[in-house]
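You will see subunit A twice below: alongside subunit B first, and alongside subunit C after that.
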Partner chain A sequence: MKKKLKIAAVIIIISSAYLFGRVQRQILDDINMTSAIGYDYVDKDTVKATAVLPVYKPDQSVGNRTITASDELSKKTLSKINRQAARQVVNGKTEVALYSKKVAKQGIGGLVDSLQRDPSISERMMIVVVDGEANELLNKKYGDRDTGVYLSMLIEQNMKAGLVPKTNLHQFLNDYNSELKDPFLPLIEQKNEDIYFKGIALFKDDHYVKSLRQDQQFIFQALSENLRLGTYKLRLKNNEYAAIENINTKNSYRVQNVKGIPEINIHVKVKGIIREYTGRKTDEKEINLIRKQVEKDLEHQAAAMIRTFQRLKIDPLGFGEQVRSRTRNFNDRKWLEHYSDVKISVRAKVSIIEKGVVD
Partner chain B sequence: MRMWFRKHPAEHDQNTVFALINRYKQSGDFVHFHHPQSPQAYWISYFGTLIDVEILHRDILPFLNKTAFTTLEEAKAALPFEDVLITSDLQQIQDQLLLGSVLIQLDEKDSICALVRAEMKKAREVTIPEEEYSVVGPKEAFVESITTNLNLVRKRLPISELKVKEFTIGALSKTKVAVLYMEGITNEENVNTVCQRLTDLQFHQILDSSFIAQLIADNGNSIFPQLIDTERPDRVAGVLAEGSVVILADGSSHALIGPISVMELFNAFEDYYVNWQTASALRVIRILAVSFSILVTPIYVAVLTYHYQLIPKDLMVTLVASRRNIPLPPILEAIILELTIELLREAGARLPSKVGQTIGIVGGIVIGTAAVDAGLTSNVLLIIIALAALASFTTPVYRMGNTIRLLRFPFLLLADLWGLLGIAIAFIFLMVHLLRLTSLGRPYLEPIYPPRLKDFKDIIIRLPFSSQSKRPINLQTKNQIRFSEKQAKEVHDIDE
Partner chain C sequence: MKTAIKNEFLVSPFLVFFLMHGMQYGVGVLGFQRDIVKFVGHDAWISILIIGILVHIIIWMMYSMLNKDKGDLITIHQRTFGKWLGNLLSLLFIVYVLAESITVLRSYIEIVQVWMFPLLKTWPFALVFLLSVYYVVSGGFRIVTGVCFLSVLLPSYLILTFFVPIPFSNFRNLLPIFDHSIYEIAKSIKGAAISFSGFEYLLFYYSFIKRPASSQKWAHYGNLVTITLYLLVMIVTLGFFDQGYLKKVLWPTLMMWKIIELPFVERFELIGVTSWVVVMLPIVCLMLWSASRGIKEMFKLQQKKVLVFLLLICFLICCLLMERETIHQYNKWVATVGFYTLFGYIPFLFVCYHLRFKVRKKG
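Up next is the complex of A and B:
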């Protein structure tokens, strides 16, 4: 009797699980996976979302289809996009989210929030700011893959090569939610048939404020992370150029508290190889000259950059975090008040470890 | 069928040898005749199909005809046999006749009679093992005769400690079953467990040792083999020296080994004939292959049905493109292909080997490519299923291969129901089952649970012989030490 009951219970559990306990199925070939979502400015309350839907053809080639919808809520745009799609549109495979500069100026906190709340979206998703219209950029097909995957490959490749600072959704949210640090994102632009990196978009909270030019990017990256494969172009006084590659950088922060007001000293060690030099000889003297010049340039650029940050009251390099981690009884409000007046100095130490095969 | 179990009708007036013979005479192959010749007349009866006629004509009849005897005792002395039985016990006479004895009486009506064993011994020659074939190492396999099999084991362990306990099991088959163990090494508890289960065994017919394996298993409802069956006498000798108990049954070419742990099912005995590095690598590959075989199709179904996020973007094109034209959901696709492979295997196993090859070609080329061309399955899944099937054949114990192929289906169904969560649940059920299982009362998942680090020396990996100086803990042997490690390390080279 007891055994029969047991068997009956097992059968009931299994059959009821099959009958009622279904999770929503998303069979791979019955869904449309967005590979990129771009947001454009319409008016103060409305955003226009553009979703890239890769079209997988049986001959293994991929087409690029975009669907556009506008709404006040970014999540609502997805359901509007769904109305135009033959297969259910899902956003779990979104590789890149793009925000136009105009949207970014309005603040992207709400838009990013919808990404963060969706469990199917990866924390490692890329976020970029577009100089221009995201819709226009996404409508074009670039490589042999759809625009979303193309963009993610482009960004990934550049981050690995050290040409673009490493950012993703996780890091953005971390900076955004931190009181003492402001987020930054890569800034891209479409020009002719290509997409290229224009610089770094700097944010105050979730508002875009300023962008850093391409040539300021090296020192920015050297101060924010430890670069492994950087490149730097140097213009010498006598109109000669030198290219330094394979740069390894290491930054170390030193914080001194002088009567409650902190003072930050940053040491950047730069190790690199000279790969190209338009001058004639690279003897000891010349190398020393180049070294000194790079040090001076870097320090100069850093000082100017940091001054701009202080003037705009933004802190993308996280000086606040550095101070907080070294100070007992750190006071957030006091720090933010004094931020523009804090003395921050950068000292660069360059060593050229190789100058090529010849001489 | 019912009549097999019914006892012979008890006829009290027929409880004599004479009545017995008369009853047996109803069988066409029963021979009963009178020898009137001098020097002494006698009656002789036997089953013509059970005895070796050559023994009768060469060793029994000439001696009976030559010598004069008045009693059976004298006849016994005359016969060149060491175990002539003189008895009037009806049951014994009946049994002995059916086992191939020749019955000798001085008079037909006598109740006392002599029994001479002259059974016909027909057995296959010792051949090469087929299920557990190994490239290196000895190539002898057990045959269907228990005497030959015991001989194969004994000659590998020529010491007095090797004990054999014999049982007769099966009301109808009267199968001779032998339990082998090493005195002073094997734990008596294990031997007693086997002996007690064998004596308690209630079954009318034992045709093969696998009957015993099923009947004395700790959990008869488990799909996991709880005793290893092997056709290799070298393996039997090996595990006996290790401290296991071995069961041999007459008429079966497979010996049973116990107690075992589940990981031992991935050990081929060939592992001991190659160097330890190769053996360890092969074992790891086998275990990986088996986990792959069980999990890969369910993971495919789960990911394609629920977790599209997990597919890398570079694989997406291949997967979606191959699935585009398929009308079936992943689970049906997978089940259809799995069943196709099972069909092919089953058809191949049932057919003679020459036709079996054709089946392989039909299955592999025609069905495989045609199914993809017809848009019934995706070629990605075809590769996955074929690899999974291939991987399931790597298990050295044939029965375990069957278990693994069967195990895939609950995993598949749960993967379809709840995705990766379903696979996790199936895995939990599997683990709980394995944890609860025992083999002759010893934990089945040992040395993983209970964790016994030392037993890993011969599980999953195989360490060199020099570090195998102790017997496995799982067998709870009386003598843990195989050889002295210290002495083995001492080198006595001649050039020292």
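Up next is the complex of A and C:
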């Protein structure tokens, strides 16, 4: 009798757990996974979200379908997008989030919140700012993949090649939540049939304030990370051009006078190989000339760029973080107050280690 | 008052290593960083080192009492404070053990609900989990130890995952060292000490160890491994997150798993959280085993019946804790009680116990 009771209890427990312990099923063939999502400005409170859904066709090619919806909240747009989709739309595989410049100017903190709060979003997700309409960019199909995967491949390839600073959702959130540092994101633009990188979008908190042009990008990257594979083009005085590739950079920060208004000296070591030179010969004298020229250019660009940062009171390179890590009892407010008066100087040291296989 | 336990129920001394480390390395690992960082920011790793040393001292204290007594917490209490007061204190300790087991289980279910299945109800999970706890505990202490042993070995591959965020980290975040006052460090220790709890169960299972006095070194090794792992996780966390961001994140360890990218699985946390069941099971098992064993000792009841009763309480309270805020409040409450029990009451007991013997010898 007792044994029967026990067996009955076990059966009841297991069957009730089986009946009530179920969660929703998501079978891969029955859901739509967004591969990219873009946000455009409608009016002050409303954003228009565009989701890219890859369509896998029977002949193994991948199509592109976009759905657009607008609402005040970005999660709400997903449910609106769901109303237009035959299969449930989920965002676990979203690889790229795009924000149009206009949205970014309004501040993307609220929109990013839906990404950071969602456990199914990868920390490696790419975020980019679009010069123009994100909707237009996403509506087109590029290459043989769907737009989302194409974009993520494009960005990843450029980051690996050192042409675009390494950013992802995690880095953005780190900088955005930091008291001292301000975030930056790659800026892309659609031109004709292609997407290309236009520069770097600089933020103050979550507001877009300015973009860096392509020619300032190299020194920006050299100051923010240690580059592995950079490229740099320079124009010499005698109207000759030289291209330096495979550039390794290493930056070291020195901070003086941490008690008062600090002074920051940054040394950037640049090592590269000459890959192209329109002049006649690359002898020692020429190379020295190129070397000096690069040093001068870099220092010049850096000084101008940092002046702009100080004028706008933004700190995308993390100078504040450098000072904080060298100061006891660091005072955030005092630093932010004095930020525009801080003396920051950049010294570049260039060495050209090879010049290819011809003289 | 020594209750002789048959040789066949005893476990080898080296298994204390797994009992010690397995119990300490639990649900706390997934989110302990917050409670420390709140107070000391980038100096959090110092607090962990200090907690580690404190735990070593308390393990030494427990062994010094147990080696003399050759019993467990119940007999120590009875000898120090007399039968009635001693039993009352043991009962309070058991209530704390039960409260902690509920914290552990509910926190884990919350993680499953937030990170994996938002629609999962609490009670079916708790029911199935506690059923397996009953199955393990009713098998006796040797089975509990076996599960503990596996729970350390099976998910040990997860240690590798803590190295993945390093390329995305900036270890300048850790500087300058010693930037916080002693007071702030003390406060952080109070906040986070509960994550390192689990060593106190030695007071219950001591008499189940063969040649118990020789197991002390294994207990210390266990704690050493725990502290090393916590230290590793903490340092990687501090490098990986900016302070401002870290203060917002509820489960930093799980957040770090989000950076892992594998060709066959998009979201690694799902594997991590699932693997964590193996880590959680022996913790709840040993807690409930200790509680039921203690009650059995005191009131001479049948352990299985006590166990069913305790499981029922555990189950009911688990289901009653519904929202994030209530769970958080409950956890905070248990953490405070736990801190005073482990780092206040055990040293107090240690002093009382030895004083009592000194006085008796004289008299």
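Convention: the second predicted complex is superposed on the first by the 343 of 359 C-alpha atoms of A that agree within 3 Å, B and C clash if a C-alpha of one lies under 4 Å from a C-alpha of the other, contacts with A are read in each partner's own complex, and residues count from 1 in each chain.
To be clear about the criterion, a contact is a pair of C-beta atoms (placed from the backbone, for glycine too) under 8 Å apart; a residue touches a chain by one contact, two chains touch by 3 or more.
Small disclaimer: the values here were computed from a predicted structure and weren't measured.
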Touched partner set for A:Ala348, first subunit B, second subunit C, both or neither: neither
Contacts of A:His170 with subunit B and subunit C, given as first, second, both or neither: second
Touched partner set for A:Arg25, first subunit B, second subunit C, both or neither: first
Subunit B versus subunit C as contact partner of A:Leu223, first or second or both or neither: neither
Partner chain(s) touched by A:Asp59 [first = subunit B, second = subunit C, both, neither]: first
Partner chain(s) touched by A:Leu202 [first = subunit B, second = subunit C, both, neither]: neither
Which of subunit B and subunit C A:Arg124 touches, first, second, both or neither: second
Partner chain(s) touched by A:Asn329 [first = subunit B, second = subunit C, both, neither]: second
First (subunit B), second (subunit C), both or neither touched by A:Lys181: second
Subunit B and subunit C footprints on subunit A, overlapping residues: 17, 21, 23, 92-93, 120, 122
Residues of subunit C defined as touching subunit A within the complex: 114-117, 119-121, 123-125, 127-128, 131, 168, 172-176, 179, 240-245, 248, 254-255, 258-259, 261, 266-267, 269
Contacting residues of subunit A [partner subunit B, same complex]: 17-18, 21-23, 25-29, 31, 33, 35, 54, 56-60, 62, 90, 92-93, 95, 120, 122, 145, 149, 152
Complex interface listing, subunit A residues touching subunit C: 13-14, 16-17, 20-21, 23-24, 92-93, 119-124, 170-171, 173-179, 181, 321-322, 325-330
Subunit B to subunit A touching residues, read off their complex: 304-306, 308-309, 311, 313, 316-321, 323-326, 329-330, 417-419
